[in-house]
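Heads up, the next two complexes both have chain A, just with different partners, chain B and then chain C.
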Partner chain A sequence: MVVYSFYIFDRHTECIYSKTWLPSFSSADPSPPAGGGGGTTLRASTADDAKLIFGTVFSLRNMVRKLGGDNDAFVSYRTAHYKLHFYETASSLRLVMLTDTATLSMRNVLHQIYINLWVEYVVKNPLSPVEHKGGAGVRNEMFEMGLDQFVRGLM
Partner chain B sequence: MASSKASRLGEEYLERTRMDKVNAELVVLTYGTIVVQLCKDFDSDYVEVNKQLDKMGYNIGLRLIEDYLAKSNTVRRCSNFRETAEMIAKVGFKIFLNITPTITNWTSDGKQFSLVFDENPFADFVELPDDGRAQDELWYSNILCGVLRGALEMVQMQVEAHFVSDVLRGNDTTEMRISLIRYIDDELPPEDD
Partner chain C sequence: MFVFPHVTVFALIIINKAGGLIYNRTFHEGGLNKISTNDYLVLAGTFHGVHAITARLNPLRPASTAKRSSTSSVTGGGSGPLTRPELPSGLEVLETENFRMQCFATLTGTKFLLFTDTTQANVDLTMRRVYEMYTDYVMKNPFYQLEMPVRCDMFDRKLGSYIREINNR
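== the complex of A and B ==
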């Protein structure tokens, strides 16, 4: 299983956290992936990606609810190259994870990230702001380390 | 049916987690200190003290809801306001204060109800000051109104909450009135140019 990236969107639809776990291109890596001009062409702009992703999952979620009723939930979609997993809390926090196509449901994983990392390290930090404008308060060491360890543990 | 489900959820939570407990006297004294300090800071302007307590509660509620969602293991939204009331009383108050206030006095449109507190951990040992005003003006536990307002706002319900009676004032019961003002719509992403 491979996790490509992870995004958090708040109730104001802003992307307040994003992280990618792309294959390492560090000099220590003896065999960088062949083809292309190195890693530079990989990502044009993370911010644009985040906006596109939010627009997509938001529309899909609304469409799913319209067809399947209010208790239905949009869980994931799959393309030829990746699978996108979606989890939304009652407080309108949206967690999105991109993985390879063979990965099974990550709903539980996203739920765990919410209760064990988000609530513990971001919400319960009394000094972190309630609203995370521009990602303020999310990029703290405990949360980032916890998330990285947790996700690497899955791979 | 919904009611028994809610109380089961509350009980289950307490069993599942050997929850860390905090000494009750510490809570009483900490909360009391806050109220006393506010009374000093605002020169015993109790109306203002009520307001400040509500505001503090609101800020607590905004965060506490996330902890509630994480702990209570609820996966879906309440389908109506009655269910919300059950969850507040039997899961929320159970988890955080280990009390279960009674839900009564529904209006026929199902938008207003009362929580009656048979016990109130904040108010142990408390006697309101004998200055002739506190008994009429201070709502000692007003922080709870703010907590509910903040917490429910995060799950897209705008409510109004206030105390209507308090045993500390010599009333027979401690009663909080909660009214649903409206459900808040999802925020939409900004339009692209």
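== the complex of A and C ==
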């Protein structure tokens, strides 16, 4: 299995953390000026992706709630090219992960990330703010390292 | 004898290429919540938009657009007639705790949404059969106007008996 990217959205619908594990992505990232116009569209698209993902996930979640009842939860969707996994906590924190299509349900993995990494390193951090505006408090070394190790361990 | 895994089909929705609801039928009571026709129309429109976004969100896309822009100097990911790598694919399967939704989008943009229970069974086969019925009894109906709501007795009857057969298996 391959994990493409991971996003966290807070209850104010803001993307407070995003990370990609795409090899082509990281090699294209440091050289946006070299590509000229192409480089800027690439950068803009990565920033817009988070917004598009949130819009998709939000619409689908509402659709699922309407059809399946209030206690139904949107788990994942799959296209021919990728699969998106979704996990929402009781405090409306939304975790989204994009993987390849062959991956089975990652709900428990997202739950593990929430309890073992988010709660341990972000919530229990006394220096971390209550609201993570612009990703403040999430981008700490412990969380990033733990997440990277955990996801690389899956692949 | 080969035994099919039991699968229940809850409902079928057909959305035209403009995002309008043209067919909506429930086969199994209790699978999905009852919602009004107006809500179904909203749902069809919402899904139409979401489907378009999911096709754009492909994480493997940046590499291909970068390659394309360097070869044809086209920025903004415009797909030229010369370079057509592969068809973008929108949402195909949606899974939730209570149901599973299979989406089949035809090349002309019509979308078939089949709502089933969560067991991973052969929904592709059912979907293909439904599409065959649509081509046979809706498309070949001389009185059917394209992109308009489907009101064909033959389609209703054949679909009803086919799905009943699956649900009673």
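Here, the second predicted complex is superposed on the first by the 134 of 155 C-alpha atoms of A that agree within 3 Å, B and C clash if a C-alpha of one lies under 4 Å from a C-alpha of the other, contacts with A are read in each partner's own complex, and residues count from 1 in each chain.
Going forward, contacts are C-beta pairs under 8 Å (C-beta built on N, C-alpha and C of every residue); 3 or more make two chains touch, one makes a residue touch a chain.
Note that the structure is predicted; figures quoted are calculated from it, not measured.
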Exercise. Looking at the overlay on chain A, is there a clash between chain B and chain C, or do the two fit?
Worked result: fit
For this session: Using the touch criterion from the header, give the chain among chain B and chain C with more contacted residues in chain A.
Result: C
Exercise. Of the partners chain B and chain C, which touch A:Leu127 in the superposed model: first, second, both, neither?
Worked result: neither
Exercise. Does chain B (first) or chain C (second) touch A:Ala102, or do both, or does neither?
Worked result: neither
Exercise. In the superposed arrangement, does A:Gly55 touch chain B (first), chain C (second), both or neither?
Worked result: both
Exercise. In the superposed arrangement, which partner chain does A:Thr89 touch: chain B (first), chain C (second), both, or neither?
Worked result: first
Exercise. Does chain B (first) or chain C (second) touch A:Val75, or do both, or does neither?
Worked result: second
Exercise. Once both structures are aligned on chain A, how many angstrom separate the closest C-alpha atoms of chain B and chain C?
Worked result: 12
Exercise. So which positions on chain A get touched by both chain B and chain C?
Worked result: 55, 71
Problem set entry | Of chain A, residues touching chain C in the complex | 4-5, 20, 22, 24-25, 28, 35, 37-38, 41-42, 45-46, 49, 52-53, 55-56, 59-60, 62-64, 66-69, 71-82, 84, 98, 105
Problem set entry | Parts of chain A lying in touch with chain B, wherever the complex brings them together | 11-13, 51, 54-55, 58, 70-71, 89-93, 114-115, 118-119, 123-124, 130
Exercise. So in the complex, which bits of chain C are touching chain A?
Worked result: 32-33, 35, 39, 43, 46-47, 49-50, 53-60, 62-63, 65-66, 69-70, 75-77, 89-99, 115
Seminar exercise, completed: In their shared complex, chain A is touched by residues of chain B numbered 59, 62-63, 65-67, 69-71, 74, 76-77, 79, 154-156, 186-190, 192
